[in-house]
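The following pair of complexes shares a single chain, chain A, combined with chain B in the former and chain C in the latter.
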Partner chain A sequence: MKDVVVIGGGPSGLAAAPEIGKKGYDVTILERNGELGGLLQQCIHEGFGTLLFDKSLSGPEFADIFINRVHDTGVKVELETYVKSVEKREDGFEMTAVTPKGVEIIKTRSLVYAIGCRERNRFEIKIGGTRPAGVLTAGTVQRLVNLYGVLPGKNPIIVGGGDVGLIVARHLYLEGVESILMVYPEEFFSGLPRNAQQCILDFDIPYRPRTTVKRILGDKKVEAVELVKVDENWDMIQGTEEIYRCDSVILSVGLVPYSEKVEELGAEIDCKTNGPVVDEFFETTVEGVFSVGNLVQIFDYVDDAVQTSFVAAQGVDKYLKGFSSKRDKPVKLKPGKNVGTVTPQVIAHDADDDIKIFFRPGIEKEGARIELTSGKEVLKHQKKRYVRPSTLEEMELPRDILSKKKEVMVDVR
Partner chain B sequence: MSISRKVKKVLKKFPYDISFVVDEGIVLLEGEVNSHQEWVKIGLNIGDIKGVKGVVNEIRWKGMKEGKTRAERRENIASKNERKRLGKHEVVIIGGGIIGCSIARELSKFKVDVALVEKGPDVSLGQTRANNGMVHPGLAPSKGSLKRRLNVRGNEMYGELCEELDVPFKRVGSLILITSRTLKKYKRYLPLGLNTGFCKYILPWLVKKKADRNRLKGVEILRGDDIKKEVKGVTDDVISAVKIPSTGIVDPYELTIALYENAKKNGVDFYLDTEVVGFAKEDSMIRGVITDKGVLGAHHVVNAAGLYSDEIAELADTKEFTIHPRKGVELLFNKRIQDDVEHCLTELTLPSHPTSKGGGINPTVHGNIIWGPTAKEIESKKDTSVDKKDIDEIMERYSKVLPDFPRSEFIRYFAGVRAPSFTEDFIIRPAKEVQNLLHVAAIQSPGIASAPAIAEYSVEMLDKMGLKLERDESFDGSRRAMDRAAEMSDDELRSRIQEEQRWGNIVCTCEMVSEAEIIEAINRGAESFDAIKRRTRAGMGECQESYCLLRIADIMSKELDIPLKNVKKEWAESEFFDGTVRGEEG
Partner chain C sequence: MSDEDREVLCVRCPKGCRLKLFIDENIVVKGQECKLGVDYGKKEARHPEREVPTTVKIKNARWPRLPVRSKKSVPLAKIDEVMEELRGLKVEAPVKKGEVIVQNVADTSVDIIAERDMEREV
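On to the complex of A and B.
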C-alpha cells in the first residue's frame, strides 16, 4: 500500500509530489504520457515562473525545476500509465492502470488528482456551419509545430485573444504562414497586456476585437469562415456578417477541468468552475482525495497553479497523520455579486494560517471594491484598480473573521 | 377521377402556370414558382394523390442554382472513361450506405458475382452516418405503404442479424408521450376537461389499436406514476403514454461496416472511391456502369444511391421520381449523463406532418443520448451545416419533455440529409424504362430499421427480374467485431498486452482506445481519421479529438507510410494540416 499516488505529471502534480515526499511518505506519480511536464513541454516560449522564481523561463525549463525535485526526493514515477478506474476501499483506494507492460492494480492511502484540463472545442462554443478538416485547438497546433515542424495551414484564423492564442499567433507568424488573423469577442485582448504587445502589436498581426466566428464554411477542408461582430454581452449583431477566406481555424477558447474521473469517485463538482469542490487544503468532498492545479479551476499563471500543490501537500500530511482539525460545520464560500467563480468552495478546518482565495470577476470594472460578506455584514473589503473576467484575482481570507459564519460571499462592487 | 384530373385540381390551388404529363402513374411537372418552399409544397401535394407512383418535379424556383453543373461534370468524366474496362459482374450495386451494403450481403448468400460501387472512400458516408440509430417498431408508416411492411419485418430481423454480425443492438423500447401539448392545435375545439380526457383515455387507446393492427407485441398504455417510473424526470405535462417494447437502437455505421466486411468475406467486390457517372445502354438494357475509374459490365444493376438515386435514374434515362433533400440536425450528449434516458422517447403532436414528424430523445448503444432530428427542406443535398438556431430549436423542443435534463452537456452536433421522394414512400421496383435496373430509392426514415427487410425484398425483386439465384453453401454469415480495450476485463487486457504492448498504449483517453485498435482499424481498411473513428470510437468522447487527433494522425502516418501532412479526415483533399515551418521546406 502506497501512502500517496499523484495522478498527473504536469506542473501541479510535479510540484505536489516532492513536497509530500519530503515529509517521508511513499509517493508515486502516474502520468499518461511518455514524459513528465504536461502542457509545459509544448510551451517553448518564455513567461513561466515570474511570480515564483522571479525570472522568465520557458515551459520545459520551468518543468525541469520540479522534475529535479521529484528525482531528488525519491518520488517514484510511472510513465505511459493510464488510470482507468479508481475505487474507494476500506483502507484507502484501489486503482486500475493500463500501461504497455500490463494492467496494474495500485493501492494507496490517499490520492492527489493533478490531471489538469482540456481545451474547449468548437462544439462547446456553438460555432455553426460545416465540420471539415482544418479546425484545430491551439494545443494541438503547438504540438504540431514544435514536435513535427508542420503547420496547420497557410492561412489560419485564430479564435480567442487569450495568452495561448496570442502565443500561437506569433509562433505561426514567425514560422512563415502567408496570412493570419486573430478575432476575439472582448474589447481588449484577454491575455496579458505584455503578451498582446509582444505577440501581436509588435508584429502588426491583424486582429479584430468584438468579433467571433459564426460559421465555418467548406465541405472537405476549411475554405472560409463567416465572421460576425458581437456586442458587450457577446451576442451576435445581425447584419455584420462577413466572409473571410482561410484554410484553418485555430481555437483558443478556454480550458475545462478534467473533472470526470473525480466525479466518478463521488466528488462533488462545482458547476461554476467545472472542477471538484475543494476545501482550503484542496481536499475534495471524498475524504483522502485531493485535487490541485488546473483541475480545481483554470489558473492564468502556472505559478498560481503550483501554489495549490504546496498547500495540498500540507493537507495530505494532515490527512495521513490522522489528526483532524475539521470543523463541525464548514463555512461555504460562494460567488456573490459580479463574481463568476470562487475557490476554495469550503473552509473545513480550524487552523492558524490565513487562507488565499481565488475568484474570477464576472464583470469588467475600474475602481472595483471587493467585499467578503455574510448576510448584511461586510467582513472584509479591499479596493482593486481594475478587474475583468479574464484575470483571476486573489485575496487573503483571515480565519478569525469566519467564526460563527455559515456562508461567506465574495462580491465585486 | 383520373390522376390527370386530380393533378389539375391540385395545381389550381397554386397561383402558377405549371404544366404536367402523367404516364403510368408518374407525374412530370414543369414550370416556375417563387420559392423552394413552394416547389416542395407542390411536389408533396401531387405525391399525395392516390395512384401516383412518382413525381418528377422539374419546376424551377426563383434563385435556383443551376443544377446542370453536376450533370456536365459527370458527362465529362464519363466520356473519358467509357472505353476503360474495370470489371464485369452479374450484379452491380450503386451506393455503399446501409441499403447497398445490406443488399450486397444478402446476395452474397447466393452463387452470384456481385460488386458494389461507392463514390466515397469508405462505406456509410451518406445518410447512414448521420441519423438517430433507432430501429423503429413499424408503428408510424401509413397503412398499405411499403414502408410499413418492411419496417415491421426489418425490426423483427434485427436481433438475429446483429448477433451474426457481432454488432451491438438493444431493444430498449420506446414511449410515445401524450402531453398537454399533443392536441394544442385543436385547442379551439376542445375544452380543457375534454382535452385531458381525450389524451388520457382515447388517444393512447387509438395508438395502441394501430400498434395491434401492425401486429406489434407487448404494447402497453401507461398513466400517472407508471410513466414517471419508466422515464426519470419526465415533464409533469405528460398525460399518458404508449410503450412499445420492440423498438431498438443500433449504431448505424458500425452495422454498415459489419455488412460490408461480411459481404466482402463472402466474395462481393467493393469498388470504393469510385463514382458512377453514366451508363452504357443497348435498347432498354444497361450493359455497363460507367464510373470515374472505368466501366463495369453488368447483367443487373441496383440503384441504392440514397440522396442521389434520382440522378442515377436520370443517368439511366428513366426519370421516375425526384428526391427533395430534408435536413435533420442531431445533438449528442456526454456519456456522463447516460442513465437518465433508458428508452426512446417521442412526444406526440397532432396533426402529424411529414416534415415535422418524428424526432425525439434516444439513447445510443454506446451510452450517449441523442436529441433530434429537426426537419428542414433544403435546396442543396450537400448541406449538412448546423447553425446555432438549429441547436436552440432542439434544446427548446426536447427540454419540454425532460425539463431537468442537463442540456448544456452536449458534446457534438451533426446533421444528415434524408432522401425522401414526393410520394414519401420507399421506391423499390424495376425501373420503368430499363429492364435490368432495380431502384431501391428514396429510403428515408425508417431506412435503418427496414434495411434487413429491404435487402430481402430487393433480392426477391431481382429474382423476378430474371437473376438466377442458387444458394451458396459456403456462405459464412458471421463476422467478428473489433476488440475494444474499454470493454475487456483487466485479465483479458493484461493478456492482450502481453502479446502486443500497443494494447497498453491508450491514445484516446475519453473513450479508452488503444494504439492496437487504431492499427486494427487500419488493417481492416480504414485510411482516414474518420474511418478509424467510426471503427474504434477514438475522438468520439467529451473532448472531441482535441487530445487524440495528433496522436492518431502520427500513428496513421507511420502505419500508412505517408507524411503527416497527407493524413486525411475523410475525403480526398481533406488533409488536416498544410505547410512546414520555415527552413524545412518540402
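On to the complex of A and C.
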C-alpha cells in the first residue's frame, strides 16, 4: 500500500509529488505518456515562471525544474501508465492501471488527481457539414507542429480566438504556411491580450471578429468552410454567409477540466468550473482524494496552476496524519452576478492561515471593486485597476472573517 | 506628457499588464506588476523586440523536432530572417538544455538555444 499516488505528470502533478515526498511519504506519479511534463512539452513558447521564478521560461524549461525536484526527492515515476479506474476501499483506494507490463492493481491511502483538461470539439459548438479529414483541435496541431514538425495544411482557418488558437497561429505563420484566417464570435479575441498582440497583431495575420463557421465543406478532405457573421448573442445573421477556401480547420474553442474520472469516484462537480468541488486544501468531496491544476479549473497561467499543488500537499499531509481541523459546517463560496467561477468552492477547515481564492470575472471593467459579502454584510473589499474575463484573479481570504458564516459571495462591481 | 506617450501591452507573461509609457529623453514605465515590465516598456517605446520560440529538425531523438528559442529577444523586424536561417537546420541528439544551436542568428548577436534535453534514441 502506497501513501500517495499522483495521477498525471504535468506541471501540477510534478509540483505536488515532491512537496508531499519531502514530508516523508511514499509517493508515486503515474503518467500515461512516455515522458513527464504534460502539456508543457508542446508549449514551446516562453512566458512560464514569471511569478514563481521571476524569469520568463518556455514550457519545457519550466517543466524541467519540477522534473528535477521529483528526481531529487526520490518520488517514484511510472511512465506509460494509464489509470483506467479507481475504487474506494475500506483502507484507501484501489486502482486499475494499464502499464507496459500489463494491467495492474495499485493500492494507495490517498490520491492526487492532476490530469489536466481536454479541448472542446466541433460537436460541442455545433459546426455542421461533412466530416472530412483536416479538422483538428488547436492543441493537437500544437503537438503535431512542435513535436513532429508536421503542418495540418497550407491554408488553415482557425476557429475561436482562444489562447491555444492564438499561439498555434504564430507557430503556423513562422513555419511558413501560405495563408491563415482566424474567426471568432466575440467582439475581441477571447485569449489573453498578450497572445493576441504577439501572435496575431505583430504579424498582421487576418482575423474576423463576430464570425463563425456554419458548415465544413469537402468530401474526403476539407475544401472550404461556410462562414457566417453573428450578432452579440452569437446568433447567425441570415444572408451573411460566405464560402472561404481552406484545406484545414483548427478549433480553438475552449478547454474543459477532465473531470469524468473523479466524478466516477463520486466527487461532486461544480457546473461553473466543470471541475470537482474542492475545499481550501483542494480536497474533493471524496475524503482522501485531492485535485490540482487545470483539473480544478482552467488556469491561464501555469504558475497559478502549480500553486494549487503546494497547498494540496499540506492537505494530503493533514489527511494522512488523520489530523482533522474540519469545521462542523463548511462555508460555501459562491460567484456573484459579475463573476464566472470561484475556487475553492468550500472552506472546510478551521486553521490560522489565510486562504487564497481564485475567481474569473464575468465582465470587463476599469476601476473594479472586488467584494466579499455575506448576506448584506461586506466582509472584505479591494480595488483593482482593471479586470477582464480572460484573466483569472486571486485574492487573500482571511479566515477570521468567516467565523459563523454559512455562505460568502465573491463579486465585482 | 508628450505626444509620444502611449499605452502598450506587456507580453512578457500571461498577466498582460497594460503599461503606460511616458516618453521623453527618459522613458518612464508605469502599470507593471513586476520588474520585467519596465525593461519591456522601455524597449517597446523605441525598438520592439520579441522572443522567437520555434523548433528545428533533430535526428535520433524521441521526437523529430527539438524546441529552441532565442536566448534574448530579437528585433521584431528580424523574425522572418531568423526563421529562414533555422528552416534548413538539422541537429543530432543528444542535445542538452541550454546548448547553443545557432550563434548570432541572422546577425542579431543573439544565440538560439535548446529548450530541453533530448537524449539519443535510435
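Note that the second predicted complex is superposed on the first by the 413 of 413 C-alpha atoms of A that agree within 3 Å, B and C clash if a C-alpha of one lies under 4 Å from a C-alpha of the other, contacts with A are read in each partner's own complex, and residues count from 1 in each chain.
Here is the rule we go by: contacts are C-beta pairs under 8 Å (C-beta built on N, C-alpha and C of every residue); 3 or more make two chains touch, one makes a residue touch a chain.
Computed from a prediction, not measured in an experiment: that's the story for all the values here.
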Superposition on chain A - do chain B and chain C clash or fit: fit
Touching partner for A:26 - first (chain B), second (chain C), both, neither: neither
Which superposed partner A:198 touches (first chain B, second chain C, both, neither): second
Touching partner for A:226 - first (chain B), second (chain C), both, neither: neither
Partner, of chain C and chain B, that touches more residues belonging to chain A: B
Chain B versus chain C as contact partner of A:364, first or second or both or neither: neither
Touching partner for A:129 - first (chain B), second (chain C), both, neither: first
Partner chain(s) touched by A:64 [first = chain B, second = chain C, both, neither]: second
Partner chain(s) touched by A:102 [first = chain B, second = chain C, both, neither]: first
Touching partner for A:80 - first (chain B), second (chain C), both, neither: first
Partner chain in contact with A:94 - chain B first, chain C second, else both or neither: neither
Gap in Å between nearest CA atoms once chain C and chain B share a frame through chain A: 5
Chain C-contacting residues of chain A that also contact chain B: 145, 148-149, 174-176
Complex interface listing, chain B residues touching chain A: 336, 382, 384-388, 390-391, 410-414, 485, 490-491, 493-494, 497-498, 501-502, 504-506, 509, 512, 514, 542-547, 549-550, 554, 564-565, 568-582, 584
Residues of chain C that touch chain A when the two form their complex: 9-16, 18, 31, 34-36, 50-55, 57, 62-65, 67, 69, 76, 79, 83, 87, 97, 115-117
Of chain A, residues touching chain B in the complex: 32, 80, 82, 84, 96, 98-103, 105, 118-119, 121-123, 126, 128-134, 136-137, 139-140, 143-145, 148-154, 174-177, 214-215, 219-221, 247-248, 260, 263
For the chain A and chain C complex, residues of the former touching the latter: 34-35, 41, 44-47, 50-51, 54, 56, 58-61, 64, 145-149, 171, 174-176, 192-195, 197-198, 202, 300-301, 385-386, 391
